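This structure is in structure tokens; I'll ask about it shortly.
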Amino acid sequence: MDPTTLIAIASIITAGLTIGIGGIAPALGEGRAVATALTALAQQPDASATITRTLFVGLAMIESLAIYSFVVSMILIFANPFWNHVIQAAGK
Amino acid sequence: MDPTTLIAIASIITAGLTIGIGGIAPALGEGRAVATALTALAQQPDASATITRTLFVGLAMIESLAIYSFVVSMILIFANPFWNHVIQAAGK
Amino acid sequence: MDPTTLIAIASIITAGLTIGIGGIAPALGEGRAVATALTALAQQPDASATITRTLFVGLAMIESLAIYSFVVSMILIFANPFWNHVIQAAGK
Amino acid sequence: MDPTTLIAIASIITAGLTIGIGGIAPALGEGRAVATALTALAQQPDASATITRTLFVGLAMIESLAIYSFVVSMILIFANPFWNHVIQAAGK
Amino acid sequence: MDPTTLIAIASIITAGLTIGIGGIAPALGEGRAVATALTALAQQPDASATITRTLFVGLAMIESLAIYSFVVSMILIFANPFWNHVIQAAGK
Amino acid sequence: MDPTTLIAIASIITAGLTIGIGGIAPALGEGRAVATALTALAQQPDASATITRTLFVGLAMIESLAIYSFVVSMILIFANPFWNHVIQAAGK
Amino acid sequence: MDPTTLIAIASIITAGLTIGIGGIAPALGEGRAVATALTALAQQPDASATITRTLFVGLAMIESLAIYSFVVSMILIFANPFWNHVIQAAGK
Amino acid sequence: MDPTTLIAIASIITAGLTIGIGGIAPALGEGRAVATALTALAQQPDASATITRTLFVGLAMIESLAIYSFVVSMILIFANPFWNHVIQAAGK
Amino acid sequence: MDPTTLIAIASIITAGLTIGIGGIAPALGEGRAVATALTALAQQPDASATITRTLFVGLAMIESLAIYSFVVSMILIFANPFWNHVIQAAGK
Amino acid sequence: MDPTTLIAIASIITAGLTIGIGGIAPALGEGRAVATALTALAQQPDASATITRTLFVGLAMIESLAIYSFVVSMILIFANPFWNHVIQAAGK
Amino acid sequence: MDPTTLIAIASIITAGLTIGIGGIAPALGEGRAVATALTALAQQPDASATITRTLFVGLAMIESLAIYSFVVSMILIFANPFWNHVIQAAGK
Amino acid sequence: MDPTTLIAIASIITAGLTIGIGGIAPALGEGRAVATALTALAQQPDASATITRTLFVGLAMIESLAIYSFVVSMILIFANPFWNHVIQAAGK
Amino acid sequence: MDPTTLIAIASIITAGLTIGIGGIAPALGEGRAVATALTALAQQPDASATITRTLFVGLAMIESLAIYSFVVSMILIFANPFWNHVIQAAGK
Amino acid sequence: MDPTTLIAIASIITAGLTIGIGGIAPALGEGRAVATALTALAQQPDASATITRTLFVGLAMIESLAIYSFVVSMILIFANPFWNHVIQAAGK
């Protein structure tokens, strides 16, 4: 197996697994945050402004963790320095 | 095994696993969010507008995590740069 | 093992596992949503219209996650671009 | 090992595992839904019509997830395009 | 190892595992449903007709999931198309 | 390793694992059902007839799942079609 | 490795694992049943006859699941048809 | 590796694992039973005779499951039919 | 690798794992029993005699499960029939 | 496989897994923190200033843990000393 | 690899794992026992003599399980009969 | 594979996994600490000074555990004595 | 690979894993004990002397389990009899 | 692979994993201790001196467990007797 193929395979598998695994916990965390937001809203409808604002800040923080994984995944597919090096070195 | 085959196999397996794994947590998170929304509705029917709106924003945020996985999965099947490179290089 | 066989095997195994794994969490999530819907109905029968509507929207959202997996699974069996390429390349 | 054998083995194993794994979560989800339906009935016997109806819709949604797996399993045993291709190619 | 042996082995192992794994969740789900039915009966003896009826419908739905696995298991042992093909091809 | 040996080994291992794994969940499910039956009896001794009857129907349903595994296990040991075929083919 | 040895090894390992695994869940289930029986007795000493009777029927049902595993384990050690066949075939 | 050695190794490992694994669940089950017995005694000291008796019957039932594993373990070490056969066949 | 070495290695590893694994559950079970004994004592100091006695009987039952594993472990180190046979056979 | 390829593959896989795994726990931890913040807000709206401030400090602490992983991941992709050494040594 | 080395390696690894694994459950069990002792003391300070005594007996019982593992571990390092045999046999 | 490559690969993988794994528990622990701090603040706003101070000391203690992992990870990438030795020995 | 190297590697890996694994449960157990001690102190400040004393005895007991692992780990690094034997035998 | 390389690799991997794994439980334990300390403070602000003191002693005990792992990890990187021996023996 030549280097090009190997690096391509590793990049493909890693790209998929990174976003696949990296999205698990944010989804659970956001589900939990949304759930308690709904409970809180039902319990204290008057504080809906504060609750909603805090919820959105929290969701953004949690979403950022999934986006780190997504960024790494995209880098591995479309801006992979190792792949670029090998392609260039092979002069293909 | 020639490079074409290997990259095809890696892409197929990764595409399937990415959406398979990446959809687990969003489903659990959405299930939790919907469940608490229903509890909240039963507890405070008057706040149904706020609850429903917050629920849908939350579901959209969580769904987005599954869509990241789906996008990577689709890229690997239909717009795979490594596959395109190998196909082109092999001149097939 | 020739490329045709290998890609066929990878597609078969991935197709099965994708829907097998991808259906786990939606089933659990829907079970939870339906369960709380029933609890909510028993607790607040008057809000049954809102509860049922919210439940169905939620179930549709969750079901969509399983359908992503099912779509990938079907694509791998019946519209697999890698398989088509290999079949065509092999001139069989 | 010739292609026919390999594809047959992969199909057999995948068919079994797909329905075996794919049936886990629906069974748990349905068990939960039925359990809460019974609790709800005991708690609010007057709403039995609404509860039963919602339960059956929910069970149908969850059952559909197991049926996706069963369909893929049956396709792999009785309508497997890869198997048909190999059988035809081998001219057996 | 000749094809006949390999396919026989794969069928044996898969048949056993399919029903072995496929029966886990229905048993747990039914156990839960029966348990809550008993709790519900103790709590609301007057609704025993509705509870029992709902329980049996639910058990039948859950049992069906185990039966899918059992069917696939039996097909793999006694009506296996791959085995039939190989036996016929080998002219044994 | 000749086919006879291989199929024998696969049958032995699968037979053991099938009943070993297949008996886990029914035992847990029955334990739960019996436990809640006892709780229900302590809570509502007057409904003991209904509770006992429902318990036995439930136990029979759950036991049936273990019996599917036991049946497959026994078939693999004493009425294994693959083994019979190989024994016959080998003319031993 | 000759067939005799292989089948002996497979039988030894399977026999041990079958009873080892197959006894896990019954022990947990019985422990739960006994525990709730004790709780029920403490809560409703007057119903001790009904509780004890139901407990013993339940324990017998659960014990039967472990006995299936024990039977398969004993069959594999002392009445193993594959072993008998191989011993006979080898004429030893 | 000659048959004697292989069967000896398999027997040693299986004997250890069987009792090692087979003792897990009974210990947990007995711990639970004893624990609830103590709770029940503290709650209803007058029923100590019935509670103690039921506890000992329950412990005996659960202990029997560990003893099945111990019996198989001892059989594999001291009365192993496969080992006896091989020793005899090898004429050592 | 000669038989002596292999059996020695298998015995060493199994001896360690048997007591290592076999001691997990008794420790958890005893911890639970002791914990509830303490709770029970705090709740009903007058019944300390009955509680302590029941606790010690229970601990002895659970300890016996760990002792089965310890016995097998010691047998494998100091009274291993397979080792004795091989040592004797090798005439070393 | 030459050193360049091997180090590239190891870097790709590790970079993906590091952020994939390293983001799990922070997401769960932040989800929990946000959830309790919302509960606290609903319970004590007057203390919203203190709660929000404490929440943000806590989120920053937890986020820092994910950022450690992200930093290592980025170093492995864009500032990998081992890769630089090998590239330089190979004089490519 | 000569027998001396192999047995030494097996002894080293097993000795470490035995105490590593064998200490898990006692630590958890003791933690639980101590925790409930503290709760009991806070709840019923007058019974501190009985509670402390029962706690120490229980801790001794649980500690004994870890000591079994420690003993086996020490035997494997400093009084290993297999090692002694091999050293003696090799006449080193 | 030459020593330089092997040590580089081991260092890369270990560096990533160390921080990836080592950050899991601190994140969960900090999430828990922050969560209870928020609950405590909502419950007892007057004690906010003490609570906040204790929280920050606790977070620092927990963060230190992640920093141990981060330090090891950085040492392995930028100050690895084994790597330095090998580089120097190879005279590259 | 010569014996010296192999034993060194086994010792290194085992030493690390022993303390790594062996410290998990004591840390959890101590965390639990400290946590309940704090709860107990908050609930019954007058009994702080007894609580603190019992806590420290309990922590010492649990810490001893981690110290067993640490001792084995140190023995394997600095006083390893197998290593000493091999070094001496090799006359290095 | 020469001994130097192998021991270096084993040391690198073990050093990373030891602190990675060994820090999990202390972090969870400390998180729990801090969390209950905060709850206790909110519940009984007057006992803050005793609570804080007990907390710090407890954190120190738990932290010591992580430090054992860190010490082993540092020994393996910077004061590894096996590495020193091999370096010296190889005369490099």
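Letters A, B, C, D, E, F, G, H, I, J, K, L, M and N mark the chains in the order given here, with residues in each chain numbered from 1 onward.
Quick note on the criterion: contacts are C-beta pairs under 8 Å (C-beta built on N, C-alpha and C of every residue); 3 or more make two chains touch, one makes a residue touch a chain.
Because the structure is predicted, anything quoted here is derived from the model rather than measured.
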(message) Which chains sit in contact with both members of the pair chain H and chain M?
(response) none
(message) Since chain G and chain N are copies of the same chain sequence, what is the angle of the rotation superposing the Cα atoms of one on the other, rounded to the nearest 5°?
(response) 130
(message) What's the distance between the Cα centroids of chain E and chain L, rounded to whole Å?
(response) 47
(message) For chain C versus chain H, what separation do you get between their C-alpha means, in angstrom?
(response) 43
(request) Would you mind pulling out the distance in Å between where the CA atoms of chain A average out and where those of chain B do? (result) 11
(request) Can you tell me which residues of chain L touch two or more of the remaining chains? (result) 1, 11, 13, 15, 17, 19-21, 24-26, 28-33, 35-37, 39, 41, 43, 55, 59, 66, 73
(request) Quick one: label the inter-chain contact graph as line, ring, star, complete or other. (result) ring
(request) Can you trace the ring for me, chain M first, then chain N, and on through the rest? (result) M, N, L, J, A, B, C, D, E, F, G, H, I, K
(request) Name, in rising order, each residue of chain M that touches chain N in their complex. (result) 1-2, 4-5, 8-9, 11-13, 15-17, 19-21, 23-39, 41-43, 45, 48, 52, 55-56, 59, 63, 66, 70, 73, 77-78, 83, 87, 92
(request) Using the touch definition up top, name the residues of chain H that touch chain G in the complex. (result) 1, 3, 6-7, 10-11, 13-15, 17-22, 24-26, 28-33, 35-37, 39-41, 43-44, 46-47, 50-51, 54-55, 57-59, 61-62, 64-66, 68-69, 72-73, 75-76, 80-82, 85-86, 89
